[in-house]
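Okay, got some structures for you below.
Common to both upcoming complexes is chain A, partnered first by chain B, then by chain C.
Up next is the complex of A and B:
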């Protein structure tokens, strides 16, 4: 029983990180129609922004986290200008290959800057453990779940309670109509990239203390985020969260109860099953003809 | 379409390859071998993606299926390589059919992610099913190919063989492209509804393109296994699927010459960029991005006038021709 509680919390924590990556992926996809294959590298950049600020520059953690997130926001804007603007009229595949190409550049730029030796990013609650029903749980895992819940609540407020967020939803629904209504479409599209980069940055900063920070950590995260969005329903934010928690739990529970070698096969097998039997996912995509 | 163009394509590949094989060093011959093998796989991917418009991110898994097929049959069951090759290719085609029937109902990025999931699953199984695949240690001691008692062990003679296969593959692909089957694939890519209205069986054409692409992939995989004589799961990861797709897009999708040019360029680029040292891959990504932005129809599109690019060139004639032939 205590084992199960530990596994559940760890699964939820890792699932929360996937959820933030998946939410960023979905925000960009619904606003711009771009399937961002560099989504995992965004998270990796987030972790290494943390390494640069906290370990290399030795900043205290509130300043370091702020600086890392500022760098991520700027990077999101840069990505918008360098990749999205020139390629926005191209076919889907060209954009997919474009994001893959940028992903390769990002990973190898990080490799050049930081080397292949893994880093250990500290947590603000380093070494603190909690005891819940006899199970020992790291405070960091609990903090990750809480921060993610907080981010989801903030996103909900942004999208449903502010004119900025409502404008972003309008752009996601119909760019032409949004432009005719006088919305500054390009600015809102850029904002969705910035938001995705920020969420990936937060995911990366929280993931750093759980895994070793390694420049090749991006691809596995991207694959999990893809599986999460397919399972939850492509383009659906609640779907991305549910799917990501499911992927995180199945990874941790599968590794412990089934087989650690085949743990990833569980999420991908279920992803393929969803694609075949229910391509709209748990929550479904509004525009039905995409499947 | 006449038989002339396929013969011309094949002859140019052979002559250019023969001249090169006399001039280059062993190391460059090795790269040329790898480029020729990749080119066969990319010509195959061109059926699925370039003609039928199916975004496959699982092509490397089919290359792997061909490679593991011949490796297992020749090492574990001690078959002759010449018997193992067609058996592995046929097995891969059956696998592609089994995968394709359910997966090809998906479109666009759904298909891309599903085939990606297939490739990742293939890698996981290849790395963990140790009894059959040797796990991450791979399979070594794959026998060499022999032609009339002459073993293809050195790079030069293997290159001649690989070029022969490449020339034949390209010629067959050009024949299919010119036939009504090729036009049906292109019609399906451009407009599924319109092509089904003209009597084209859309799911069947898609499956045919997918299986055909896997057959080319399996031939490339088998050639890879006999060339390296050692294979391991990392040779067939999804990153390689992306490389094949990048080769095709850089060369120019929908073009056989483009597929070969793309395979050559992407294989030799690391050599030419060696002066960049470890920054090479970071530059490579930017290079591919620059090609996507500035040469949207790839290297093969350079010679075409701007007004004739890509879809305009193929779309209407293909549909009209397909509609004429589909009439009873």
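Up next is the complex of A and C:
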């Protein structure tokens, strides 16, 4: 039983990180129709923003986290201005290829700036373990789950209780109608990219202490976030969250109770089954309907 | 001026011989090129940077000492990254463009195995440091290992578990590649030979980042020692996550998790109760060439050398001696290396067997309580 509790908390923690990356993925896709293949590198940038602020600049925790997230928000805006805005009239596939190219550039830029050696990004609750029903739980893992739940709640408030969020949803639903209604569409689109970068930044800052910060950490995150959105439903925020938690839990529980050698096969196998049998995922629209 | 027929023929002969003489002179003055395919970027560069540095240091030392019979030595590097195909491309590029007299291959068995057929084609001697026994079992007479084989490391880890930690219910966690699978297989055999049954086995992929399922799964088998066959970065992460999950049993790791590059990712608490084998216990206090190497390496590169770096430094010095004695002819060099017996390097005594294995000793170490430094428990020599 104690092992199961530990596995569940770890699965939820890793699933929470996937969830934040997947939510960023979905927000950008819903608003712009672009599948951002650089999403994993956004998370990697978030971790390295933490390395730059907390380890290199030696800023205290709150200031360092704030500075790292500000840097990520600026990066999201820059991404919108430099990549999306000039290419938005191009076919979607051109923008998608652009995100792939930027993802590779981001990885190499991080390699140039930080080198190939990983960093140990500490946690504010470093070394603190909790005992729950006899199971030793890392306080950081619990914090990751709580922070993610908080972020989801804040997102819900943003999208359903503020005019800004309602405007973003309107743009995601029908960009032409939103423009005709007088909404500042460009500003709202930019906000989608900023929000995605911020969520990736939070995911990166929380992931850094769980893994080490290294420039190749983005790829597995992108794959898992992609699997989560397929399972949960492309374009659905609740789907992204449920899908990500499912991927995190199936990874950890599958490795423990089925086979550690095939843990990725379990989540990706389920993703393929969804693509074959229910391509719209648990909550989402059919991908082909969107086009 | 009128030229006789005899004078004309002499002039013709001299003119036709000129390029050959020039080429011979140019070769005499040109450096001897050695190729090195090293992971300089990506996750494997944690150890790759070490032997990149130590090979550069060896090149400088060899040239300062007069080079190879008056010719300088030049090591040309290519990056293998963390990819077998990149390793093969790097090797082929060097072989075609630089035409080295000998090679240094990476310390990763999977890359060594990928490059092995290409090496066989061009027939030039190569030093390598991948530990997997299958590399030597492939029977490539051009390959010479400068580190202990994994079977030697596995034997050391099993002896540590059995003799030092008195293990009754050991289990094994390994990285899923030639190195990890080979090491785990050997360990199971050695435990079996000692009458001890391995209580559980777990595996993980090279790019995995979360090991909680494997660690908790193995802990659930009520084990008393956990052996881990790992690479540097994943090894450090396994040790860290083991502590985060509250695993209390002693952990015995393979050498990669205890190199300085991996240790810098760990805290003293992460290393509590960690044992392991290292190729060489690098201890400058023993003085002599060891201290000289450590001090100069640290001064030059700003970091402590690790046993991988030391192995390649020794390999470069052995290569230089061979080149001085028999020149650059590949077959002569290969035969000379094959016949090396009792060559004293800084890290090991090198004696090559018929399969190209040259090192048969290692050190068992443990972390000093509350610190990130290691202390020697015992050295193990195998026949």
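To be clear about the criterion, the second predicted complex is superposed on the first by the 286 of 291 C-alpha atoms of A that agree within 3 Å, B and C clash if a C-alpha of one lies under 4 Å from a C-alpha of the other, contacts with A are read in each partner's own complex, and residues count from 1 in each chain.
Throughout what follows, a residue touches a chain if its C-beta (ideal position, glycine included) is under 8 Å from a C-beta of that chain, and two chains touch if they have at least 3 such contacts.
On a predicted model such as this, the values are computed, not experimentally measured, just so you know.
Peer 1: After the superposition on A, what does A:187 contact: first (chain B), second (chain C), both or neither?
Peer 2: neither
Peer 1: Identify the partner contact of A:35: answer first if only chain B is touched, second if only chain C is, both if each is, neither if none is.
Peer 2: The answer is first: A:35 touches chain B but not chain C.
Peer 1: Quick check for you: in the superposed arrangement, does A:264 touch first (chain B), second (chain C), both or neither?
Peer 2: Both partners.
Peer 1: Considering only the touch criterion stated at the top, classify A:120 as touching first (chain B), second (chain C), both, or neither.
Peer 2: second
Peer 1: After lining up the shared chain so the two structures overlap, which partner does A:226 touch, if you call chain B first and chain C second: first, second, both or neither?
Peer 2: Only chain B; A:226 stays clear of chain C.
Peer 1: State whether A:111 touches chain B only (first), chain C only (second), both chains, or neither.
Peer 2: After superposing on A, A:111 lies in contact with both chain B and chain C.
Peer 1: By the touch definition at the top of the document, which applies to A:256: first (chain B), second (chain C), both, or neither?
Peer 2: second
Peer 1: So, A:211: does it touch chain B (first), chain C (second), both, or neither?
Peer 2: Second partner only, chain C.
Peer 1: Just to be sure I follow: which residues of chain A are touched by chain B in one complex and then by chain C in the other one?
Peer 2: After superposing on chain A, chain A residues 111, 219, 261, 264 contact both chain B and chain C.
Peer 1: Which positions of chain A touch chain C when the two form their complex?
Peer 2: 3, 6-7, 10, 14, 111, 116-120, 127, 129, 136, 138, 140-141, 210-212, 214, 216-217, 219-220, 251-257, 260-261, 263-264
Peer 1: Going by the contact rule set out above, which residues of chain C touch chain A in the complex?
Peer 2: The touching residues are 40-43, 45-46, 49, 82, 176, 202-205, 207-210, 212-214, 216-217, 219-220, 233, 236-237, 244-246, 261, 264-267, 269.
Peer 1: What part of chain A is in contact with chain B in the complex they form?
Peer 2: Chain A reaches chain B through residues 35, 82-83, 86-87, 90, 92-94, 96-98, 100-109, 111-112, 219, 223, 226-227, 230, 234, 261-262, 264-265, 268-269, 271-272, 275-276, 279, 290-291.
Peer 1: Can you tell me which positions in chain B touch chain A when the two form their complex?
Peer 2: Those in contact with chain A are residues 49, 55, 102-103, 105-110, 112-114, 116-118, 120-121, 124-125, 127-128, 239, 242, 245-246, 249, 253, 278-286, 288-289, 292-293, 296.
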